[in-house]
Every structure is written in C-alpha cells, then in structure tokens.
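So that we are looking at the same thing, I have put the structure below in structure tokens.
Naming follows writing order (A, B, C, D and E), and every chain is counted from residue 1.
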Amino acid sequence: MALLEVNNLDVRFAVRGGDLQALQSISFSLDKGERLGLVGESGAGKSVAAFSILKLIAQPGYIAGGEVLFEGRNLSAMSERELRQIRGNRIAMIFQDPMMTLNPVLTVGTQMVEALKAHRRISTRAARDIALKKLQKVSIPSPDKRLDQYPHELSGGMRQRVIIAIALLLDPDIIIADEPTTALDVTIQAEIMALLLALCEQDNVALMLITHDLGLVSQVTQRMLVMYSGRIIEQGPTKEIINDAQHPYTQGLINALPQMGEPGRRLYQIPGSMPSLSRIPPGCPFHPRCPFVTDECRQTMPEYVQSGNVDVACYEVSKLIEQENRAPEVTP
Amino acid sequence: MKKLLTAFVGSLALASAPVAISAEATQSLKLAYDADPVTLDIHEQLSGGILQLSHMTFDPLLRWSNDLTFEPRLAKSWERIDENTMRFTLREGVTFHSGNALTSEDVRFTFERLKQSPDFKAIFKPFSELKVVDETTFDLITSEPYPLLLNAATYIFPMDKAFYSGNDKDGNAKAAISKQGSTFASRNQSGTGPFKVTSRQQGVKVEFERFADYWDTASPGNVGKISLTPIKENNTRVSALLSGGVDFIAPVPPTDLERIKNNPETSLVTMSGTRIILFHMNQKRFEPFQDVRVRQAVAYAINQEGIAAKIMKGFATPAAQLSPAGYQGHNDSLATRFDVAKAQALMKEAGYEDGFTITMMAPNNRYVNDDKIAQAVAAMLARINIKVDLKTLPKAQYWPEFDDRAADMMMIGWHADTEDSANFYEFLTMCPNSETGTGQYNAGNYCNPETDAMVDQANVETDLDKRAALLQDVEKRLYDDAAFVPLHWQDLAWASKGSVKIEPILNVMNFPYLGDLVVE
Amino acid sequence: MTTATVSRWDRFRESFLWYSFKRDKIAIVSFVVFVAIVLAGVFAPLFAPADPYDLAQINIMNSELPPVWMAGGDAQFPLGTDAQGRDLLSTILYGTRVSLLIGFGAVLMQGALGILFGLLAGYLGGRVDAVLMRIADVQLSFSTLMVAIIVGAVFKASFGNLMFGEIAIYMLIVIIGIAEWPQIARTVRASVLAEKKKEYVDAAKVMGFGTNRIMFRHILPNTLSPIFVISTVQIANAIISEAALSFLGLGMPETQPSLGSLIKSGFDYIQSGSWWITLIPGLVLVVLVLVINLLGDWLRDMMNPRLYKG
Amino acid sequence: MTVQSAPLVDIRQLEKRFDLSGSFLEQLQFRNGRFTRHQEYVHAINGVDLQVHRGEALCVVGESGCGKSTVARTIMGLLTPSGGEVHYDGERIDQLNGREVLPYRRKMQMIFQNPYASLNPRMTIQQTLEEPVCFHHPAWSKAEVRDQVQDVMQSVGIDPDWGVRYAHEFSGGQRQRISIARALAVDPEFIVADEPISALDVSIQAQVLNLLMDAQESRGLTYLFITHDLAVVEHFGTRVAVMYLGTVCELADTKTLFASPRHPYTQALLSAIPRLEDDRPNHIRLHGEVSTPVNLPSGCVFHERCPYANERCKQEVPRLIGSDTGGQVACHAVQEGRL
Amino acid sequence: MLAFLVQRISQALLVMFVISLISFSIQDGLGDPLQQMVGQSVSEAEREKIREELGLNDSFVVQYLRFAGQAVQGDLGTSYFYGKPTLEVIFEHLPATLELVIGASLIIGFLSVPIGVYAAIRPRAWLSKFFMGISTVGISIPVFLTAIVLIQLFSIGVTVNWFPPETGWGSWLNGLFSTEGGMPSYGRGDGLVHLFGTWHSGFFSSDGLRHLTLPAISLASIMLPLFIRLIRAEMMEVLQSDYIRYAQAKGLAPHRIHFLHALKNTMLPVITVGGVQLGIMVAYTILTETVFQWPGVGLMFLEAITRSDIPLIVSYLMVVGLIFVVTNTVVDLVYGLVNPTVKLTGKKA
C-alpha cells in the first residue's frame, strides 16, 4: 500500500455564477521515501493539488469528490481536529516564498516551538532543544542566536532553511514542497535543493515537489506528473518522461526550453496559452493548442493509456499505441 | 423611578456630611441654570447671574417684592430727609460670613466700590455721596432730586469692609475690581446672605451651604445645601429635571412648558416678564424708514400675538410699547395693531407698493427663540413686499455688529436695571449722543427731541403721579411715531420638582430668593 | 463614435461590476433609494408643494401642525409644518437639495485638493512629499468644527455678515473640503506610490513623456477607483459633518435650511411633542447617509477590499 | 572578440548609489557623547564598463541585487548615474535635459519584466500604442498613425481588431507581445529588455523569445538583454556579461563563456542551473550568502564566497582584463594563473 | 530614535506656531469679548478703557508678539472669562474629556476586537452580517441624534402604549418596549474622587460611572463601527496571508492561529490608525459634551467661542494640536515596540 494515495480528487472553486473545476479526477500515489514531481504552468492546479491533500485550500475552494488516503485513512473525510494531528506532524509543507511564510511578528523560536507543542506533550525547554538541533541540521550558522531572531532579520536563503528545519521538526513521513526555491537566487536555489534532497534521503522522507522547472524535476525526482488545466495529462518515471515525453503538451514544454534549441535559432513553441479556469474548453483542455487535434479531442477527455511505464491521456498517443500493437499482426 | 431618585438624593445627603446647619435647614437642593456666576465679585459685572448670586450670598438694603413694591432687608427703614437725601436705618445684629458685624461703614465702603465699578457706576451716577451718620444710620444723597433712589438702592448689597480691605498675598488690593485676571474679591466672599459658597469649579459647579448665623431667623427657608450646575443646552436641562437629576431649573424653554406642566412630578411657575424684545428700524442706513408711514406699515405687518402664541408658546406677553404693566410708563391704551391690509395700504401710500429689500440681524443664542422670532418677522414683512435678508449670529458676534449698526433692522432685548420706564427710553429711543451716553442702544437712530425732553423732565420729577403721566405720554408718542417695532415681553419660567416650593420666592426680576425656599 | 459608446455600454453590462450589482439586493435597493432622494432633491422645485424660501407663503399661525395622518394634521401639509409654519415636506425636499449640494460640493473640493496634493506628494516624493504630508498631518489635528470656526471667521472678514445667506453654502463646502482633503490626499498618495512603481510608468518615461502627462494621463486614471470609493464615503461624511455643524449653529441659516439645520431647528421641539420637525428630516438624513455608505461598502468590496486602511 | 566599428552604446565607469539614510536629521546619530552624521548607501553599480555593438544581443546575467537592472535603467535614463558616462552613438546622453533627450527616446526603447504591470490598465491597446507614435511624430496624420500601429501589431502577432480591448483582457504572453509592440511602434534601433520572459510560463517564454529574435532579424535591432536565466542567455545572446554585486566579473562571447567559464562565480552559476540531464553534475557549492550592496566587501566583491580567494583578493579590486579565451575576466586568481 | 524625537518635537512646535498664528489672525472674526464681560448699560467710554487695559486695541503684530513672548515662557495668556491662566483652565477641564475618551475607548476596545475578529473569521455567519449591518447604520447616524435617543430612552424613559394595556400580552409588550429611565444625562455627578492636582475622577464611584455611561456610549457610537470595520478588514486580509496558511499546515489549533498569529498582525495597523483616531477623539468630543453638558474641554471650547474668549480659544487649539502630535508620537513608539520589523526613524512606518 502506498503511503499516500489520491483517488479521483475533484476540487472546485465556488464563485459567483457557478463552480470552477480546479482539479478534475486527480489520481496518484506516493510511496515511502519516494520523490514525486508535480509539473505544470501557473494555473495548472499543481498548488491546489498540494494544498487539497491536507484540506488547506482557501475559502471558495472545496473538495467536491474523490479521496486522499494517508496510510489508508481518508484525509478528506477527517474532522479538522483529526487533520491537525496529521498536518505538520506526519505531512509537512514548505511554501514557495520564505518571505511570506514565516509570521513577521513572531520569533523563529516561537514558531518552531509552537509546532512541536501542537503535536507533542513537551516542555518549552525541550522543544527549544529539538528546534536547535534541527537548525543545526540545516546548517544555519549560530543557530542558538537565530531562535530569538525575527524572520526579517534573516536572509531569504536562511529563512528557507528555517522552514525546512520546521518541516523536519516532527520527523514527518511526507514533505510537500510547493516551489521551494522559485523565490531564491540561482546559486542559493541549488544549495537549498541539495540540502532538502540530502535530508529526505537521509531520513527516508517522501518528497512531493511542486515546480514549473523541468530541470529541477529531472534532477530531483523519481517519478513525475504533468498537469494541465486541472488534469494530470501524463505521469510516470521522471527519466522516461524527460527523455521520451508522450503527450504533445509535455513534448512542447520540453522542446520549448532554450537549452533544447540551437543557439540563435527559433525555439519550438506551443501556440496560445493555457486557458483560465473559467474558460476550459470541452474535451481535452489542450486541444486548441495541439498540433494533432481531432474532433474526438474537442468532445471528450481522453482516458489514460499506458505507454511503457508512463500513463498518458491523449488520443494521439493511444492511436499510436494501437498501431504499434496491431503492427506485428500486419507484418508478415 | 421615584424610589430610585429618593434613594439617590438620600445617599447624596449622607455623603456630604453637614458641618453646621440650622435645625430645620437640612434639605439640599440641586439647581441648574443656563450659566453659573462668572465671578464671586458681585461688582465685577452687572448681569442677571451675578444678581442672582448676590441674593444668595449677600442681602440688599431693600428688595423688590413680587408685586413690585419694596421690602426692607438690611435696611429696616428709610425716610426722606430732603429733596436729595434719604436716611436709612440698618437692621441690628446682622453679621457677615466672616463673623464681622454689619455697620454703616460697610455700606459706605460698598457704595464707594459701586461707584468704581465700570458696570454699576452708571446706576449710581445720580448719587453724590453716602454719609455715615452712626453705626446703623446713613444718608444717601443725590445731586439732584432723583425719583428712582430706592430702585437704585436695591443694588446695594453691603460688603464686609474689613474682609475686603488691605492687600492679598500677591500684594494686590483686596477691594480691586478687575475684568481681567482674578482678584481677591473674585475668589472670596463675605456677605450677609443666607448662603456661603463652599466650593466652586467655574463652568462646572458651585456649592453653597446655609450660613448658620443668618440674621433672618423668620425666614421659612429650610435648604441647607445648594449645588448649582450650569446646563446650557435647553433639552439637557429639561431632561435633567425630568430624569430627577436636578430639583430646580431656570430658564425653561417655551417648547417644554407644556410637558413640564403636564408631568405630575414637576411643577412650573411662569410670570410675565419685563424684558422687552424689539426691532429697531435704522433710519440712517435705510432711507425709507425715515418715512413714518413705512415705519407704521412695518408695525402693522407684525403679528405680535402670533409670535407670542406660536413661537413663544404663549410664553410671552405681546407688546405694543416698551414699558411692561406695573411700570410707571405703561400706557394701557396702547394695543398691538396687526393689520396686513392697513400695512399694505401704508406702503402704497408711501410709494413702496412693490416693496424693497432690507437687511436684518438678530442674535441666535441671546434671547428666548431669538432667531425664530426674527425669521417669523421676516416672513411677516414678506407679506407687504419687504424682502428681508436675515442673518442670525451668536451673541458674541452679534454685539459688535450691533455696535456698528450693521443692518437695517436689528433685534434687541432690554431689561431696565432700575425697573423703570425712563431707562428704556434713555437707552433705546433717545437721540444717540456719545457725550451723555443716551441712545447707546438706539439702533434705529430714531431721534425725537420732544420726547427726549419729556424723559429728561421725568428723571427729576419726584411726584410719582405726574411722572407717570409724563412717561405714558412718551410711550404714546413713540407708538404713534412707530419709533420701533415692539414684539413682546419675554416671560419668565422656572420649573422644579413638586416638593420644591418655588412659587413664593420668585419675582419678575428673576432673582429667586433662595434663602426663603421651602423644600418638602 | 456611437459604436464606441455602445460597445462601452456593452462592456459595462458584461462587467463584473454590473454583474455583482445585479445580484446584490442591498446594493440595488440602496441605489434606487439614493437615486430617488437625489432626484427628489434636484427637482425639489417641481415636487415641493410650497416654496420654503418664499417667506410670503409662510404663515406663523400654521406652525407646528402635525403630519396629515395625525389628529390635527392639515392636508395642505402632508408631513406637517415646522415651528415657522413652513410645509415640512417642501422644506425637507429643499433641505435635501442643500445637503446633497454641500456633500457633493465638499467632496469635489476635497477631491480637487486631495488629488492634486496626493499626486504631487506621491509622484514627486522627497521634499514636496514631506511638506505636503506634514500639512495634511497638521490639518488632521483640527476637527471639522475648528476648521469651521476658522474658515467662518475668514469668510466673515472678507464678505461681512450680511452676505452670509448667499455664501453660507460655499462656505460649508470650503470648510468641509478643507477639513477633509487629507483623507483623499492620503488615499491618492498611497495609490500613486503603488502605481509609480509599476512598469507602465517607466514605459511612459522611456517614451519621453513629460511629468504632467505621466501624472495626469497615466497615473491619475489608475488611482480613480480608490478615489471613487473613498469619495462615496466622504459624501456621507460631508453630509454628517454639515449636520453636526448646523447642530452647533455653524451651518446653514434656517432660512435656507439643510437637513442638518432642519434637525437642529426642530431639536427644541423633540421633547415637547412636535417630534416630526426633527425626526422626519433626521430619518431622511440617516437614510440618505446610510444608502451612500452601503453603496460605498459595496463599491469597496467590488473594487478593492484593502482600501479602508486610512 | 574582434573590435568592430564604434559601439552603439558605450557606458564608462558607470556608478549608481542609492541613499538610504533619509533626511539630515535622520542621519544624525548620537554616539559616544557626540553627534555624528551617518550616511548609508546602496552601491548598486560600481564602475561598470560595457559596450553594445550594433546588431548584437548583449546579455547581462546575475543574481538579484547584482545591479543588472540598475544598469538597464540607468542607460534608459530612468535613473541618473552617480558617476560615469553613458554614450549613445558617440553622443553623451546621461546629462541631457528632457527636451534634448527626446530624439534618443525614439531610438532607445525598453521592454519590462512584468507584463501585468507594464501596460496601463486604463488605456485600450490602441491608445497605448498610438500615444507614443503621436507623441514622437506630431506631424503625422491620424491615418498614418493608425497604419503604423496596425503594422506593428501584426508584426508581434496581435490581431489589430483587438485594439479596443484593455490590457486585462489579454493573457500574460499576449501582454508581453503588446509591450514589445509599444517599444517597436516608434521604430527604435536599440532595445533594452529587462527580464522580459522571467514572469512568463515556460511554453510562453519560447514564444516571446522567438518574437524578439524575429524582430531583431527583420528590424536590425540591437539588444541589451537582462536576465538571470543562463539557458536563455546561451540561446539568445551574442555576448554575455556576468555581474556580481555591481561589477562585471566576466565578459565574453556566449559560446566561449559557456564552453569555458573562467571566473569562479561564472563557474558556480553555470553549475547551479538545473538542466535536463540524467546525471547530476557536480555542483560547485558556494558557501555563504550574497553580500548586501550596502556594505560592500573590500577588494574583490566575490571574495567572501570564493573558494579560491586569498589575501590579495580581500585587499585589491580586480580589473577586467582579457583572458586567453578571448573574453575578459576580473579575477586575481585567473590572472595569476591559479585557476 | 533621537532623530525621531527631534523631528516630532519640531513638528509639534511648528503645529503650535501655525495654530497660534492662524487663531490670532482670525480673532476679530470671533466677536468682541467685551460684550460678555460687561453689563449692557456700560457706556462706550468705559468699554474703551477696558479694551485698552486688555490690550485689545494694539495692532495684530504687537498682540501676537506679546503673546509669543509669554508663550515661550509657558504662559499662554489669561482667559477673559475665567480670569485664570488658560492652561490652568484647560487642565481643569481636561480630566473630564480624557475620562470620556478613555471610557469610550474602553467600550471600543472591548467590543471592537471580539466583534471584528468574529466577523472576519466567520464572514458568512448571520451574526457577523448583523454586526456589520449595525455598524453601517451606526456610522450613518449623527452622534447628536444618538445622544438624544439615548437620553430619551435611558434618562427620561419611554412609556409605550402601542398595545392594548388591558390584555396580558399587550402590557407585556408595552413593558418590553418601555424603558425605565433614570440614567444621569448631564455632568459628571457628585461622586468624583480627587486623584491629584486638578484631576478628579469619576471612575472610582458608582455615581461617577453612571454619569459616564451614556456620554461614553454615544461617543463610542461613532468610532466603534469604524474600528469594527477596520479590524475586520485587516483581519480578513491577514487571514489570506501565506503565514496563516502555513500555521494551519503546521497543525496549530485555530485559537492559536486566530488570536496569536492573525490578531497580532492585525493589531499593528489597528494601532496606527486607531491610536491616531483616539488622539483625534479628544478634539471630537465637542458634540457629545454639548449634549450631555459634560464639563470637558470640548464644552469649554464651544463656550469660549460664544464668549469670544480668544486666549482660551488659542490655547485650546494649541493644546489639541499638541495632543495630536503627542498621541501620534506615542502611537509610533508603541508601534515600533510591538512590531519587530520597524526601526524607529523619522519616517512613517
């Protein structure tokens, strides 16, 4: 049994004039110690997916269907009180912007100690000791001093280290990291990512990495999902997808990277842009931008087909697979 | 609510433990006026508030009774010695709050001080001297025969000479009168009156306590303590009475008379007053007013009865002349003359059928409903095609405008300090003369040497009947000449809780004789 | 040009503003009531049975008649009469007009001062900003009442007392305008500071546009929605301020009453039974201010929930 | 690198400081019983020399706070330099007044980072594009202006019929196209692009990069391209300048730089970008954080994080000197042959 | 810090200078003080003499310089009416106003925070909507109307006869809508306790508190809705922020999130705006003090105007300006203490 299993998760935003489908039938799983990447452009629903696992989607959003099983227990059916036992304790989160994530008016120590005390019967002194150890673990210089500092007194990289330390405080099983390095500079990014990776490997913590950076995913994760307009259009082992993407969107995304083009020449480009939630077209949401579009694509969302170890939702791909399967019969 | 209230008052009486109050003077009274006394020096300012204070903490030689006759107070008797001299005999055994005994010297000291006071010196101008005869006898001497000698004597509230002599610790004379800054006399008092001031927070509260050695042991008064709170806002003052916060209020706004009268727990006393409210028509500023027909037209256009009934809620006596009933100059034959047709005819006759535009000014916080009255008058004048540009001002700004005679018609209210008709004419209708000071408030610039001569004559006429005839004739002439537009005499009203028997102590001068007040 | 306007209208009808307005009952009711009151005020001379400014129509003997539905009411005076015998309905209609005029006028004045100073302070920054905002600070330490006294005295010195009737309305506009401009200036400055950092301003600079063009053509239009929201609230505030000044006797003369001075003039009568003289105009005032506030709230929610920070 | 004709844009010893210390009163500090005046500056750029040649795309890379945007904005006159000179086509332009600078405004244009903020939300696209054209060509008729705008809209792939719409009705990529159209509308020869694609999604980035390259080709534009994304540089740039804390630490042809980066910082930067590769490269780990430009380190600005720093690096500021690969490097270690 | 104080002090001086100059320059428009000081029948010559004594006949410049010279020595002149130094008069009246403001602030503080927080946490609850509705109505009613209604209801009492009194339910309903009255409607009462100097407090006696109740409620009635809205708006915004979501993601209990993480951040802007508003409130008590005849500086000021007591008017304006600057300074200091991200400089946070 997978550590975390998401089955047919539907998330909607209740806005004036009806609901918007933010996530449609999302299914994936995460094993213990596994590193999973969630890739997509902004608005694809990857953050919504991350937040709905812990039922943390903001007000107009709500879970309309499906289940999130953590160790076999359905998180989406749990009471707030029960969920609080999981949040931060078994499943920790790292947010995108370290500037905004820490409460500006509370010291680092307070924010670490309160997390510990929320889940363990522990004295403040003991909690501080644990906090100190975790700060050392993320190699923050003079950690004892940091405990009494306010977030604004730390640099961006340092803050993200603190957040990683908080995530590790209660030795969780899963860390969900939502664009953990996007707000940081390139050289700092590399450092933070390396740290996170090392710590996850060391403690065998599962990592769910949400990012738009294909390079990062390719280097860090073992498996990845590609999202588009609230749907998972492709998922499978990272290497396979990067090396041989099946879905036209994934292909386009990879080919559009400057490093894939020849310097000074036009890059491959996907025409148009991802529709907003209120304007998702019927059928495959990618069809208006897809070079292989057919009438079928315009009408119904394709089912997943297996290509190698990769699940893809695309009629073109399923056609190709059919042809391949049929091929041996045709050949004499 | 009543129960609550008595408990409330009771606890109060307990809280303020009495020092020494005469056997029966145990009641306490909470009093709300529209203003509190400006100073404790009764010679610093001539105003109603100060005179009210004077009657509480001092006693005059003689005072007005309800029916406008004289009642002996500190002077137990007086007799005319010659044309210019009146001899007074003081009551014996009267002591000041300081414990000093009252003597003729104190009266002389007071008289001299009055002659120094900028506010009072005008009243005592006819007097040349106060001569001490012995400890309890003195002569009051005028330079010419003066018919209003006794009227003026009501302003003599003997002060404690010993108390007010010498210098205070700053080296200033204790007797000094000053409008600016504080003087010894403005902070300290020693009088012979029924009450002593025990504490005073200006603008907030003054507290009085009955003087244990008060000479008038015959007084039925049983109030031991008074606290006076100024409540300027009419509604709040009335609310305070109705909610039981105070026992006695004055003045009562006309709009609330009905309500207080109908309330079983409160009682109301009204009296027709002596303060005349009138408009002057400025002949100098506005030429058509020089035409007697125009002035008459205006006089005919004004419905005094309407104003008195509607705006004043019957709380005013419509006036056709200056002198209220009871004054020597009051002429019974003069009646209000509201007649729009006649007024229109007069305007036509004067050649102003199409009317004209005039400016008008009135205060808006000086007299009862002053601004509303002015508006009503403006509306009435509109009927005879006189368009009025009306401006009402707070009193502080109004008086400078008045001094400048800034509008064609200006409102003024006048109360004769001497309670005598001549005072009206001197200030309101005589030809303005800065040397003699006559006509100081004559904002109409009306000038009639004939009537002026008659007034002068009356001022030295000691035969009261003759004098009355003379003054009534003046009144008639002014009426015929439409020298001004009289509106009404503003009535006086006081209200109290049923248990506070205010009626016997009130008078048209608006000096409640609180020493004699009985509270049940 | 017509096509452009039509398309603008279409655009408006498709807009979120119109959409949410249609769905918000409170906004619709407030808007209808507001428009009704404004129309009644603007066209007061058409609707009013009598002209309260014409003194010749007034008869003192008709004073304090109760509304028509009460005993003693007179059909000639549907809402009764005031202490002068004026028809209360007409007086309220005219008074509403005066109050609205002062409300809008004062906000125009505040807007003119506030926008100008706010733009200058926000865009030019530095010393100009420091000086203007310090003035605004000082200004805020005066209550409207104090400004009223000061401006009143200045007006009096310049025009004399007799002109008062004619200039009172302008005076009140100036008073409330001066007393409250910092509110708008601060709002404008805050949004200019935010807008100034946006790249379209840099783009305009790079194009070589002059300072005035950038300030007024580019930045100003983008600060309009907060100005609009705060102005709505400020109109309500101005109407209340005027009422308060009138209550203290510093407002409109009773010969040309505003709602505030009507309330004040009836104030003496409220406890003596003639409640309608105060309470009916009071109700109109409260309803007027309330619907403006409700519309302001709604607008604020629509345009920018962050605005109320002052 | 071969020196061709005179550079189009030439900046010499450019410096820019921002005053942090506020008014005189705020600068006063009471220390040890005496009042002292204390001033603080952000040293955004410290003596930068750059030449942009006609027809090339010079890319400036660096992390946030390295001063690359300040260089762009100073060239465009949005900021006045604290020192140094900016020359355009041989003329010094950093001291010109508003009127004198107008002709250059037409020749030099800028594209901004945030497509959501760089268009005036209260103007239609038509208005946004017409305004600069009218402004710079007051003599043109309405029709001429309209034609020019239509041409430019078509050239960036925006349907001219959309001109009546407002910016918020467009997606980020379309807005960036409009933003480019605005710059192109006045027919410039030099464009400064300040992180024009970093706010865009990956699939859109390619569109915009293609558009910029097309425009360069068809109009013969010269670019100064500011970015933090080395992959883009590699694809787009003719030459690259790497900046760190307000100084240029390496300047070279793109190919040269990517093939053999010399400066330790460039090396670290190159190794830090996650690339689509199966094997994980050895990161050159930098220790420490980027210093703040408020308290500039002495000597080489990079010495605090540099694994090769020695005493000289802490004392002496390295100068940009030609290296064996044809580029220029400001590094004592490289010059001493330690690296 | 030092620069901050120096700047604030110079600002205060500037404010006071400007105020004194303005008020002096308009004194002629405020009326003639003499009219209030002498009786009606005092002759013109006498008046002229007094004017001369008071220095009212000197030129503006001479008067102002004389004033400024004394002001530098801490003497702002002598009130015509009270005959005492104006500062003394103001300090006698100030406690009443401050108590009113403190009373109102307590009401505002105790009500606005829970209501505002509740309305922010549960924006859709009917109780929130009710509170917000009431607060909108609250800001739409002029304070003097509120005051009058309060007096009518709670001081005088209202007897309602809308329902047939002979029936049981009728009399019950009549009783329900009728009010007893009896609350004091004016002044500060007799139970004042002397604290020190000129400060008498009504806080320590039931009578004093009873007198304070209605005025404080009516003063609070204008500010309370503003504060509720402010707190609600700030709180709602804070609740949107990342660090609140992050706190939830840490598994913290809602009360800790709302009352520590959110409220602390909410209160920062509320302190700035609110503190300044409280400072302004001193200047805005005039209406309340008038209706309730509360013997504070507002009433004193209004009366000074009707009396043209120019020295008192000038001093009042200067003191109010000073109070404003002082509260601003205190607010900024408090803000700096509470908010760890702010370093005190002369700049506004």
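As a convention for this text, a residue touches a chain if its C-beta (ideal position, glycine included) is under 8 Å from a C-beta of that chain, and two chains touch if they have at least 3 such contacts.
Quantities reported herein were computed from a predicted structural model and do not represent experimental measurements.
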Distance in touch steps, counted as few as possible, from subunit A out to subunit E: 1
Each chain counted as touching subunit B and subunit E at once: C
Longest centre-to-centre distance from subunit D, chain (CA-based): B
Chain pair, most C-beta pairs within the contact cut-off: B-E
Euclidean distance of C-alpha centroids - subunit C vs subunit E, Å: 24
Whole-Å separation of chain centres (CA-atom averages), subunit A against subunit B: 90
Computed distance of Cα centres, subunit D from subunit A, in Å: 32
Euclidean distance of C-alpha centroids - subunit C vs subunit D, Å: 49
Residue list for subunit C, restricted to those that touch at least two other chains: 156, 267, 270-271
Interface hub residues of subunit D, defined as touching at least two other chains: 23
Contacting residues of subunit B [partner subunit C, same complex]: 234-235, 238-239, 253, 255-259, 303, 306-307, 310-311, 359, 361, 364-365, 369, 371-372, 375-376, 378-383, 385, 387-394, 397, 401, 406-407
Contact footprint of subunit E on subunit A as seen in their complex: 51, 54, 56, 58, 80, 83-89, 92-93, 95-97, 100-107, 114-115, 118-119, 150, 152, 166
Touch list for subunit E against partner subunit B, complex: 29-33, 35-46, 49-50, 53-54, 78, 80-84, 89, 92-93, 148, 151, 155-157, 180-188, 190-191, 290-293, 295, 299-300, 303, 305-308
Parts of subunit C lying in touch with subunit D, wherever the complex brings them together: 4, 7, 130, 198-200, 202-210, 218, 221-222, 224
Subunit E-facing residues of subunit C, complex: 134, 137-138, 140-143, 145-146, 149-150, 152-154, 156-157, 236, 240, 243-244, 247-248, 260, 263, 267, 270-271, 282, 285-286, 289-290, 293-294, 297, 305-306, 308-310
